[in-house]
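Contents: one structure, followed by commentary.
Lettered A, B, C and D in written order, each chain numbered from 1.
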């Protein structure tokens, strides 16, 4: 394992030191419990929004803290959901009296820890709403399983809810918007290589020289199956088909297309993928009204990508376009 | 003589050692069907739990378990943090007020713990989780009439339950994303649960 | 070799199709010869700025085209400098009557091709100035060699010159500013892994399991030497020492610190590195007035990083802070 | 009989084949001390040059070389594009007006080409570049009194010059960044230059 770190168990605190040194003017960093909030938090009268999850997915979530997006983020250890006390402290730090939204990716650990935070936090008299993201069509959705994972749509929801909160919308409205975006979003991912967590030091799975893993999540977990790597055009079709079938998206739909790198894939290749995504969408009469291309929700150094399509309506589009000012996503400000 | 606070601390010490010793094994099992952090997370949590026990010196077994529970909840994260946290919290509450704990109280506490884990995680036996080791072990303890053989039967049952997870298709937790591919792998959480019962059998009786 | 591409010789044109599909509202893409210009080019009365270089360094340069930065970029094949006709056409496309600045990284190929473009373009009656970047302290500077490579400072210069051009400064002034920034900037890079170009399909060098390559450039070329990988703190010292010695930077200096990922290194690790860079700078009394952290000048999927320090003065700082609106760098707009 | 336009086209055809056949070798040499694109770039350029020659059908040897020069400049990029482009452009200009080219014109053209390469790239012999193959080869041609043996001597000299680059420390081009580590590797540009002379010996005479 070769990594630019000091020690496996110091990665999180060292990275937080870096965040503090780099963005101390706009973010406030707490080390114990670990969380990051925008420096002007709490913003009085505004709905606060926090999210959290394991580290190793950067820039998600810490890179999305700032005006127009998240008020706070709780980073766990690498690929390990954060703990309830982080969430409670972050919730308190961002509560400006209008309640706090928790954006939670649907993983057993994340859900349970946020649940415990909500239980333990009831005494704090802060109104909390939760939006659960579960957009990954690689996973079967069933009452009897853990359900679908939350992946790419999480980034889009954080942006859209952030825009709405900045616009003065109520906690219920912001949460409803988040749930609508989640209902309108679908994702699917693939990997060319595994990743290595600092703690384990071993590849998360083994892949042959011409194999790809289809239906991966963002924690280095193996996918649903593996197959031969084909050209980018085929990879795009492979990922788009289950997305387009699941919602279903139809001709005339206005869609935001998000081509996300898993961390180790060159931007050059992500643009090649975007060309193919646009082609496949075009063939179905779907209009790519907005796009986001880059490494936004990653799996350490994993090579590969995920595609997220989000069906837009006027309100979702408006809040997507609204100004945002965070380390990783910024426009109009 | 029943289980004292000191004994409970011995148990937690032994469990911490087992987890530490088998960290790589737990990581490897979790890499195969999860995200490879179970061993690291449990080790970090138990190390902190021992630190806190050393400072607070709780006076009865219930308080020992509650202290461990709180530390695990605030330092493990992932699925194991809330699940083991809930297990120990429920056990600790169930034992509240007992200076020395005998078999009936202990098995009642384990039952409460198991119920807590299931309330928290919604897993049924057969879902390929720690519940598959917990359920038969708790049952074995309930069926026992003496502490020492009871704990030994529980450890054996946990061991069998752990092994029985291997052929299962996971329906809960991260391994469920693999669908059929989760077969032929032993569940990491059931494995750490076996070490918890093994540690109990080696420390709580005699 | 596993890549998200259709075919090795189609990478550049496929990626350009992706750029057009994604950013057609703000960029105009020419496929033959290959170049990208901002959609409102030429901006009358404004100095035009173009740059160019091999592909595989994305987002540089195409991702930096837009108001406040480049007017145009010429992408070559992967790791191969573009050709004079691309440069001439891009120069004509961005000339708004105030002349055009060429930002050229000091590589034999880039320099010669830009030279030929200038020669062949003399007939076009466009005033052209060139800023040559050569900030890489890993390479010995000598009259008898090819001299130092242009690396990280190129990104900073493109931003600063872009700000000045937008501010209405003359070609001479913009060029002078670029040269001053180059004179005030120093970089040093390292790699944890090689990269693989689509055309060759082979790793650019071999590295042992615990080795790092020190003094690499951005073309997958081997570095000056290799050594054992140490902790991030040591890597930072290793890279900072020759930078700090070369200029030299001194206590009280206001500096922009740029921690750049080579493409395959997780952002998490870049923040760990930034923490160490800030520490080393702090120990010398150097004030990190601004920073840039992320993958901006890359070597395909190479893992590793480079550090660039740029000594700031009021003018450089002002144009660094000025609004910029490009796919890869955006603020204040 | 001197060298006609048809012969010059044969030469370029042969050179394109050599480059194509040795693409991997050139890539490998360039990977060791450069960026691994020399073979790919030259192959792409020569393929396009042949396309253009097929369409334009230039009427004299000088026009053939000029056409190749222009295509290389606009399609190769990197260092090799301007260098080979300049080489062929200077040779072509030098040959302008000659329908058939004899040895004296040819060696004068090569000299002009070499001068162009050095003016463009500022490399001296010994800097570990294509100049190290070009210089002795041009000299050999200049010293010859007949075309065929002259071209063969030139090819041999280019070959020796190419081999002689191996122990050198590069002072120009991308390999110079390696400093001492550039030693013990043969220069890719000198290698492709050898193939150019080899092709000439095989096509231009006889």
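One rule holds for everything that comes next: a contact is a pair of C-beta atoms (placed from the backbone, for glycine too) under 8 Å apart; a residue touches a chain by one contact, two chains touch by 3 or more.
The structure presented is a predicted model; accordingly, all values stated were derived computationally and were not measured.
Asks: Which chains make contact with chain B and with chain D at once?
Replies: Chains that touch both chain B and chain D, as defined above, do not exist here.
Asks: Approximately how many whole Å separate the CA-defined centres of chain C and chain D?
Replies: The answer is 32 Å.
Asks: From the mean C-alpha coordinate of chain A to that of chain D, what's the distance rounded to whole Å?
Replies: 54
Asks: List the centre-to-centre spacing of chain A and chain C in whole Å, with centres computed as mean CA coordinates.
Replies: 29
Asks: Among the residues of chain D, which are close enough to touch at least two other chains?
Replies: none
Asks: Pull out every residue in chain C that's touching 2 or more other chains.
Replies: 78
Asks: Quick check of your reading of the touch definition: is the inter-chain graph here a line, ring, star, complete or other?
Replies: Looks like a simple chain-to-chain line, open at both ends.
Asks: Name, in rising order, each residue of chain B that touches chain A in their complex.
Replies: It comes out as residues 27-28, 31, 33-37, 40-41, 44, 73-83, 85, 120-121, 171-174, 176-179, 181.
Asks: Considering only the defined contacts, which chain C positions touch chain A in the complex?
Replies: For chain C paired with chain A, touching residues are 2-7, 11, 14-19, 21-22, 55-56, 58-59, 63, 78, 192-193, 209-210, 212, 229, 231-233, 235, 263-275, 278, 288, 291, 293, 295, 298, 300-301, 303-305, 325, 327, 330-333.
Asks: Given the complex with chain B, which residues does chain A contribute to the contact?
Replies: Where chain A meets chain B, its residues are 9, 33, 54, 76-85, 107-109, 112-113, 115-116, 138-140, 144-146, 149, 197, 199-200, 202, 204-205, 217, 219-222, 224-225.
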